[in-house]
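In the two complexes below, chain A is the common chain; its partner is chain B in one and chain C in the other.
Then we have the complex of A and B:
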């Protein structure tokens, strides 16, 4: 079995420079946000307290970062060791995705200098979904750092420490499965407290956590497929389609369960009519559903699954489906009542773009300097 | 693939799901034992906005000027600078007061002081608090992290953040009883009720206000009624008025989302006045039931973690990799 190695090579490629420019632009707008207030940069308002900084950076961003979580379940819970070669890259992407979700949450936190109140037991409100999400995500970021630490320790040759860490790593891996299960489902529970503001097709009291969790898992498997395929092209690595296509099969299973629950809930509560109401919400629902069905159709066929080009389209469709589902529920169909509307401003979007650019830069630097990916044997 | 380990892994999940079904639903909270509130009677309101000015003065907030209207506070909606506004409903020619068709009506927007407040339930750091005795919902800046979940969790979009400040705060009506003002604790009444010339905004114990509201909504057009001003438990004065239009037979806040301590009655239906579509069950009770069902006493995550650790360790050892 090949070992993970640093890829080496130049870091400052033209692509990397472009990402730096995007990041610099976001730093400027962040300066404005922290000196003149959030209103100077973002279009959030009295009726729409959460804009893309919460919904994209945190809610969608962490779901897109579920690759490490999805693979950990496959490898350790279902004992499929053959996926080990994919694990480090997935962990790194998860770590970056979650860390930047955490940064996004901090940027969006109106009174960030008091964030430590979340950690003071006498302030904690255990009824609040936000408390659980905040603490759980913060802990998971630490767990991801520890799970990824072996790559760093290998690189600096700290063999003793590596051995010691490996002895207790199973504890962190278990936590790394438990924590995302908790907060990814809770991110769905947020919607319950918002009541009528969430459109009927997206509002349900008891199924919110399971719908959020199942889609997050599928997004996790899809991002592993997506990253591995992109890295293969970008860094000329060996083809791993045989492994990835099996992940595709798992997606079909989970996604089918999701769609059954989603539609059963809609039918059960007599909300079927909203689907064909012909308004904005029905259109968004249909778009979202089509995006969910595409991966099922593609990935159900063994032949299509084994074709790397088709496989990646299925994964991309799934990533868009899960993202649109979240955008729809939290923003696009969210209606706090007359007099309020929200569309992100250019500066607000640039902050999010800059954060993503930073994530990509960090990924490139780390795979080139640390043993994360598996180089082809003949290289 | 090892079928046995798959089955065991699945059974951990199934066991977790079973534990989660035993938790009980949390019902709506009951009104506080000595709940205080206000009754806003839209038919009495003359739109003078004396309450808006008095609210700003009591709470030390600057007027909001919009357009050329430099004389008066012309805030259009609640914001980080405004805790109380009078809004207007208009239809067609807007000739007759308190009529839905070709009429107009006033509506007061300020915190409803919910019996089962969403803002309190969702705040991660207990910066929103319901007084156990009076039910007054206050905000505590020293605890607040500015996550703005309370804004989304409030059915009336009441808490407002100062988006125009580098170090913004959340603002909401605290029934004039926040630390430093404490009009109620000092035996007084709310500033808006005190200045209201017609008694459209009336202060007092929720039970008395609810009885008063029901007496009024049962009146018929043409009836004469003695309307108290100020504090219903010790009114300063009364005035007599003949009813021009019928009340809508509905006291807003008796049951909506668990009820509110600030009650509204009106001559036009409440959806016209911009009140949200609410059922009887509070979102706070639904959200907390769900949360506690999943995390009953944190036992479930602990059980799950033990199970996970066992499988991970076993599968990792067997792998012998890394």
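Then we have the complex of A and C:
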């Protein structure tokens, strides 16, 4: 097995500069948010206290950051060592996704200076659905840092520390599987707490956690495919389609289970009619379901799965499906009562775009300076 | 126990049930248990000798007496006037002139060391205290003389507690509170303008039942009543935390019951149980903030009668950031802007475009790979 190496090369490419511009714009709006307040930047209101900073940055952002989680299950739980070359890149993407999700939650917090109280046991509210997610995500970010630490330690040549860490790393890998299982399902449970405000097609009392978890896993596998394909093109790396296409097979399995549960729940509760009601909700549901079915259709066929071009589209469709599922449930079909409406403001969107730009910048810098990806042999 | 209360029913003319309810209510405002309520009931039902009360009036508006007369818990006049022996009170005495002054002197001599002294009103000290005289003697002399042999001294109302409105700048009469003219004595302060009668009654009941005074704070105010900021128990507090403020009298926020902080409410720096006990026993938020007027800090020396009515309070807990989203005026408005829609569309487009590029390049690199 080839060893991961820093890719090297110039960091300040035109693309990188463009990302910096986007990030600078978001820093400006964050400045406004912290000096003049939330109202000056965000369109959130009494009916929609959660805007895109929560729904995209936290709920979708962490699901998109499930690559490390999904691969950890495959590699360590099912002992599929052949995927190991993908692991570090996936962990890095997870770390960045989760860290920025945490920052997103902080930005969105009205009284952010009270944040530390979350970590003080005597201030914890054990009846809060948010507590589990907050603590679990915070812990998982630390676990991801430790899981990713070997790349950094290899780079600085701290072999002694690396050896010591490798001895206990299995504990953190185990935590790295347990924690996302906990909070990704809890992110789904938020919807249970929102009750009747969630549209019937998306509300289910018993299956919210499992639906959230299954889609998060599929999004995790898809982001590994997406990110590996993008890296391959951007950094001219070796083709890893043989590995990625097998991940595609896993997606088909999980996604089928998801769709069966989803539709069984809808049928059992007599909500089938809503799908064909012809209103906004039914349209969004159909869009979402089509996006879920596209990857199943593509990835079921061995030939299509092995074609990197089509594989990307399957992954992208899956990412959009998982994101739309969350956007639908949390925002688009969410009904807090008459009179309320929400659409993110330009400044709000630019903050999220800037956060994603920062994520991409950090990814580029780290893969160029730390041993994360595998350089092509002939290069 | 039932027998004990039948005599009481006759003596006070209240039913046993009403009487126990009253005692439980008083115990509750002191934060005591039901068994203490029974102890109080017994203290009243079996009085050894009703404690003597000497009540002095200085510079004031008789507000504290008025507020006490209006306390509506079962029959104040029957219960309290039967329970204590009010031997001297300028407003309530039937007699007048030398007759009552003589009675007062006799009573103080007879009950030396046992009577309860209540002071109402500030005590002028400038020019020998000539600005308030009763029966030829200054209020200062009356107070010092009565305090000499008092078992306990209660300063009732803001004026008696620290001078109140009389002591406000420029304080032409040198008005002072009871404590400052009685150095070395413990004076229980029950400030308020008017003070809440139940804080007074509860303190007296505590003294009668346990023979001691309730726990006091650094300004000698009973902690059960003045232990917490008004801000902490205020029913408008959620509006403060959410950043919803009335900005002028009669504006929309004011009509909706928003926080009065920006109208100069001194709740954030004033210690009192007003939001919990309220006034006049009619419930429903009958207290200044409850009816839409900012608190002016009457129980707090240095705030009431001192700070301008509409200046912002010095918030002792968290200061409100002017930073919360406005949640009131978002209804019925669609906040989609063309710019936002364009940016959102561009973001989604960029992802799809990026994926398309990657797919295209991926395919071509494969072609190249296969040629290699």
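As a convention for this text, the second predicted complex is superposed on the first by the 379 of 379 C-alpha atoms of A that agree within 3 Å, B and C clash if a C-alpha of one lies under 4 Å from a C-alpha of the other, contacts with A are read in each partner's own complex, and residues count from 1 in each chain.
Everything below uses one rule, namely that contacts are C-beta pairs under 8 Å (C-beta built on N, C-alpha and C of every residue); 3 or more make two chains touch, one makes a residue touch a chain.
Keep in mind that what you see is a predicted model, and the values were worked out from it rather than measured.
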Exercise. After the match on chain A, would you call chain B and chain C a fit or a clash?
Worked result: clash
Problem set entry | First (chain B), second (chain C), both or neither touched by A:39 | both
Exercise. Should A:350 be classified as contacting the first partner (chain B), the second (chain C), both, or neither?
Worked result: second
Exercise. In the superposed arrangement, does A:15 touch chain B (first), chain C (second), both or neither?
Worked result: neither
For this session: Could you tell me if A:47 is touching chain B, chain C, both of them or neither one (first, second, both, neither)?
Result: both
Exercise. Of the two partner chains, chain B (first) and chain C (second), which one does A:117 touch, if any: first, second, both, or neither?
Worked result: first
Problem set entry | Which superposed partner A:182 touches (first chain B, second chain C, both, neither) | first
Exercise. More residues of chain A in touch with chain C or with chain B?
Worked result: B
Exercise. After lining up the shared chain so the two structures overlap, which partner does A:340 touch, if you call chain B first and chain C second: first, second, both or neither?
Worked result: both
Exercise. Is A:316 contacted by the first partner chain B, the second partner chain C, both or neither?
Worked result: second
Exercise. Both chain B and chain C touch chain A; at which residues?
Worked result: 36-39, 42, 44-47, 110-111, 339-340
Problem set entry | chain A partner contacts - residues on chain B that touch it in the complex | 1-2, 5-6, 9, 77-79, 118, 121-127, 142-149, 151-153, 155, 157, 160-170, 257, 274, 276-278, 283-284, 286-288, 290-292, 294-295, 301, 304-305, 308-309, 311-313, 315-316, 318-319, 321-322
Problem set entry | List of chain A residues in touch with chain C within their complex | 36-39, 42-47, 110-111, 226, 229-230, 232-233, 236, 239, 241, 307-310, 312-313, 316, 339-346, 348-350, 353
Problem set entry | Residues of chain A touching chain B in the complex | 34-40, 42, 44-47, 49-50, 75-81, 84, 108-115, 117-118, 120, 123-125, 127-132, 134, 150, 166, 169-171, 173-175, 177-178, 181-182, 185-186, 189-190, 192-197, 205-206, 208-209, 336-340
Problem set entry | Complex contact set, residues of chain C against chain A | 318, 321-328, 330-337, 339-341, 343-344, 347, 351-352, 354-355, 357-363, 365-366, 369
